[in-house]
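The first chain written gets the first letter, and so on, giving A, B, C and D; residue counts start at 1 in each chain.
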Amino acid sequence: MTKTNRREFLRATSLALATAWAGGGAGLAQQAPVSAGALGPALVGDLVAANRILADQGVLDAFGHVSARHDKNPERFVLSRSLAPALVTATDLIEYDLDGRGVNVKGRSEYSERFIHAEIYRARRDVNAVVHAHALSLIPFGVSTTPLRAIYHMAGFIGEGVPIFDIRASSGMTDMLVKDSNKGRALAQVLGNKPAVLMRGHGVAVVGPALPFAVGRSIYLELNARIQAQAMALGGAVTYLDPEEARKIMESGENRSYERAWELWKRKVMTK
Amino acid sequence: MTKTNRREFLRATSLALATAWAGGGAGLAQQAPVSAGALGPALVGDLVAANRILADQGVLDAFGHVSARHDKNPERFVLSRSLAPALVTATDLIEYDLDGRGVNVKGRSEYSERFIHAEIYRARRDVNAVVHAHALSLIPFGVSTTPLRAIYHMAGFIGEGVPIFDIRASSGMTDMLVKDSNKGRALAQVLGNKPAVLMRGHGVAVVGPALPFAVGRSIYLELNARIQAQAMALGGAVTYLDPEEARKIMESGENRSYERAWELWKRKVMTK
Amino acid sequence: MTKTNRREFLRATSLALATAWAGGGAGLAQQAPVSAGALGPALVGDLVAANRILADQGVLDAFGHVSARHDKNPERFVLSRSLAPALVTATDLIEYDLDGRGVNVKGRSEYSERFIHAEIYRARRDVNAVVHAHALSLIPFGVSTTPLRAIYHMAGFIGEGVPIFDIRASSGMTDMLVKDSNKGRALAQVLGNKPAVLMRGHGVAVVGPALPFAVGRSIYLELNARIQAQAMALGGAVTYLDPEEARKIMESGENRSYERAWELWKRKVMTK
Amino acid sequence: MTKTNRREFLRATSLALATAWAGGGAGLAQQAPVSAGALGPALVGDLVAANRILADQGVLDAFGHVSARHDKNPERFVLSRSLAPALVTATDLIEYDLDGRGVNVKGRSEYSERFIHAEIYRARRDVNAVVHAHALSLIPFGVSTTPLRAIYHMAGFIGEGVPIFDIRASSGMTDMLVKDSNKGRALAQVLGNKPAVLMRGHGVAVVGPALPFAVGRSIYLELNARIQAQAMALGGAVTYLDPEEARKIMESGENRSYERAWELWKRKVMTK
């Protein structure tokens, strides 16, 4: 029995078997997990801001999403209901467990790809914020044999390269969406200990120890891609950051923790 | 007698012969067809929104247009008078029959290319919305031997490719405009059962089962073109969506029916 | 005695000889020419709008300018004082004769390249509006051996190609500016009977029978350049408009006289 | 003992030795230098405007900065505290000496790369304004063997080319930042008597005799880079400005001292 068939079977025949299913709770109607309590108000504010910033900066359009790990329980994370990021407010946030089951869905429509977030939070205890985006300039590097490389100091965080997740390798022919725990886990495995993973024919997932990092890395990863494409188009030989330069950039404080940028980005979206 | 000469002749000599003319009613002064009744108010709202959304998203500039099939009679469709899409309001809408004859023109100037819409509605009973655009990134693929291909999951709807209509093939040397029923029919034939057709040296026609689909496909077709051009420019080998991946994307619900995007796009243009 | 030396000599020795000088009155302190009378108010409004439209559409930045031939005397034209086009109002307009001498300068700073306009109006009696711009996408085609060609129906007006004026060919090493009648005349000669002339390492001059034409051609010439560059970058063979197609486009009414676009463009800048 | 080790040693052991240290006062806690007095109010206004203009024009994002030499003492310059340029107001300005020591820091966070400014002001007595930017279109030319060249008349100021500073050449593996006097001096040496220096994998420094020049050159350098990249992409041979043409442009008054543009740029940011 294939995994998909098995899931369909489970769905059709026995909800009681659901928790025993290794693939996680995707799509299975279960009792909602218990809440970890209210998210800290500063984190709520930052998560709402992160949604709007990424839309304003052109990293997210109507699709894609950004989440934060819950500040009271590392087994929970918070993500908007299915909504364009530019429109997200505090009341749209849903708390999830690491199987992608919502605490307070209340019948609202959900992002089908919340498993990207869930499985990365499960695999990476150092990560407290995740962005999933279809940023235009990054998709070419996810479908090309030409690798994305750190070309300037703002992209020191990718000094060790950016892996590419091809969903076809782990799941064969799909609708390209990471919409269950299995696919999320496969993605998290390719991400490894890196700050970002390109998703072939789809987009990117970017992570960080806090929202300003995940947001800032998303923005500068996108700029790095544009700069690299332009540099390659000039035809001459291109000098990339040396891995040691990238390391030193990270050691000396990655882009000053994006504080200066975060203040600007937040101001731009919050006074609109 | 050439077709053009024949039409000129008909125009000059005998309006009574008009309905007998095989080429349709283009340019012929005839009694206006009977109205199918008032368009549903929700559809009016969506059609006005579609005009403004496509302008706001950069798919349409001062030219190009978007129509909807009448919700009370499949032999009618609704299109603005000749006006830049960004300026269209409910009072600008004209009801047309499938020969491109207006029910309520009232002396207003008309889009000369309304036959694109008319003939597609005639040929494709599954289509309820049509966009005709000169989107910048799509025109290159209409004049190049390099085919436009689905490069990411948002463009699963073109998994079977996008045909190119070269008006020269069917009509010889023209002013490039699809301004009579014959030319519209030739275009509809090349479109076939596809969601879009590139028009060589001109633009594109995009169709859908409802306005959000035609609008959403126009927007993501344009993004796919930009991504593909950039991916090809990187010089490496490019992996496109597998036709089966595209099929699965369509089966699992094309871009969630564009609902999330439609809400955002509409909000953006309606609060301006 | 070279032309330049002769002019310097004239300037230094005898203002009385100025009107007898074949090269025009450029830079010569003379009595201001007599006014042709007040410009029609509609033309004033269109000229102010043209300035702002071209800035809003990204054809002009802080530099470049647009003029109209006087509606009461074909030997006069109207141009703003030296000012960024986005800021031009009716009170900034200066009336000039075809030697580039201002009727009502009143000590205001002038565009040094007004001779582009003057000499084109002198050479082309069919022209009633002139744009001089440094539009980004056009400059590459002015410095490259790759010719700009009509690639889509909106650019039918350049079906016979766009000549390139290299100021070096007629004037040797210069500061690149067309700032006297001689240089303006050389430019007008290269323009010939065409709607536009690229200026090597500088920009473009675009003309039309009325402001909406000169403005619309400037905008669509810029778009054509972007489309052509992108089409060429795709690597495949490119099909351009056939000269006969371009001719038919012009015969059937060039872009519907830009009326639909003019209404939109004007609305955009006048409600700001 | 390496330079870095020596500095660390100094810092740890003896502040009294600091002024004797040849590398300048970077990072050393010292008594603040004496102020040169209040900056002229017009210069304050121009410096605030310059910050906002460069952000508005896309030359600076959240990072990068612009400074002006003090109008009362050439040994001092003025720069914002660590803040995104778009947000800078008069109260954010800090006065610095040429060792990068602030007169009135008052505990505020500082730009770590103020030494770019300090050392250029020390080396170039003709310079009264300095911009440091990460403009997207310029970074490719800083990492490529393809040189940036003057391609149109607005870029006459780089007729003699733009040198590239590779921090690796003078300082080996670093975090890429010019954050002490030694690195600033190395940069100033590569800049030489030129108006701009590209910084490999980082950005650019642009200088001028006054703020409108440094700002205007930054903007047009960026445009020149875009035009050159596009011209090269057309595949044909490219004609650049002849050095003599560039010289004549400078002699006849570089871009009319950017007065017309400055007025526009300032208006745009000050009415926001």
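The working rule: a residue touches a chain if its C-beta (ideal position, glycine included) is under 8 Å from a C-beta of that chain, and two chains touch if they have at least 3 such contacts.
Computed from a predicted model, the values in this text were never measured in an experiment.
Contact with both chain B and chain C is made by no chain of the assembly. Of all residue numbers used at the contact between chain A and chain D, under half are used by both chains, marking a mostly different-residue interface. Averaging C-alpha coordinates per chain places the centre of chain A 36 Å away from that of chain D. Per-chain CA centroids place chain A at a distance of 51 Å from chain C.
In chain B, the positions touching at least two other chains are 233.
By the touch rule above, chain D contacts chain A in their complex via residues 61-63, 82-84, 86-87, 112, 134, 136-137, 139-141, 143-146, 166, 168, 173-177, 200-203, 229, 232-233.
Those residues of chain C whose C-beta lies close enough to touch chain B in the complex are 151-154, 156, 223, 226-227, 230-231, 233-242, 244-245, 248-249, 251-252, 255-256, 260-261, 263-265, 267.
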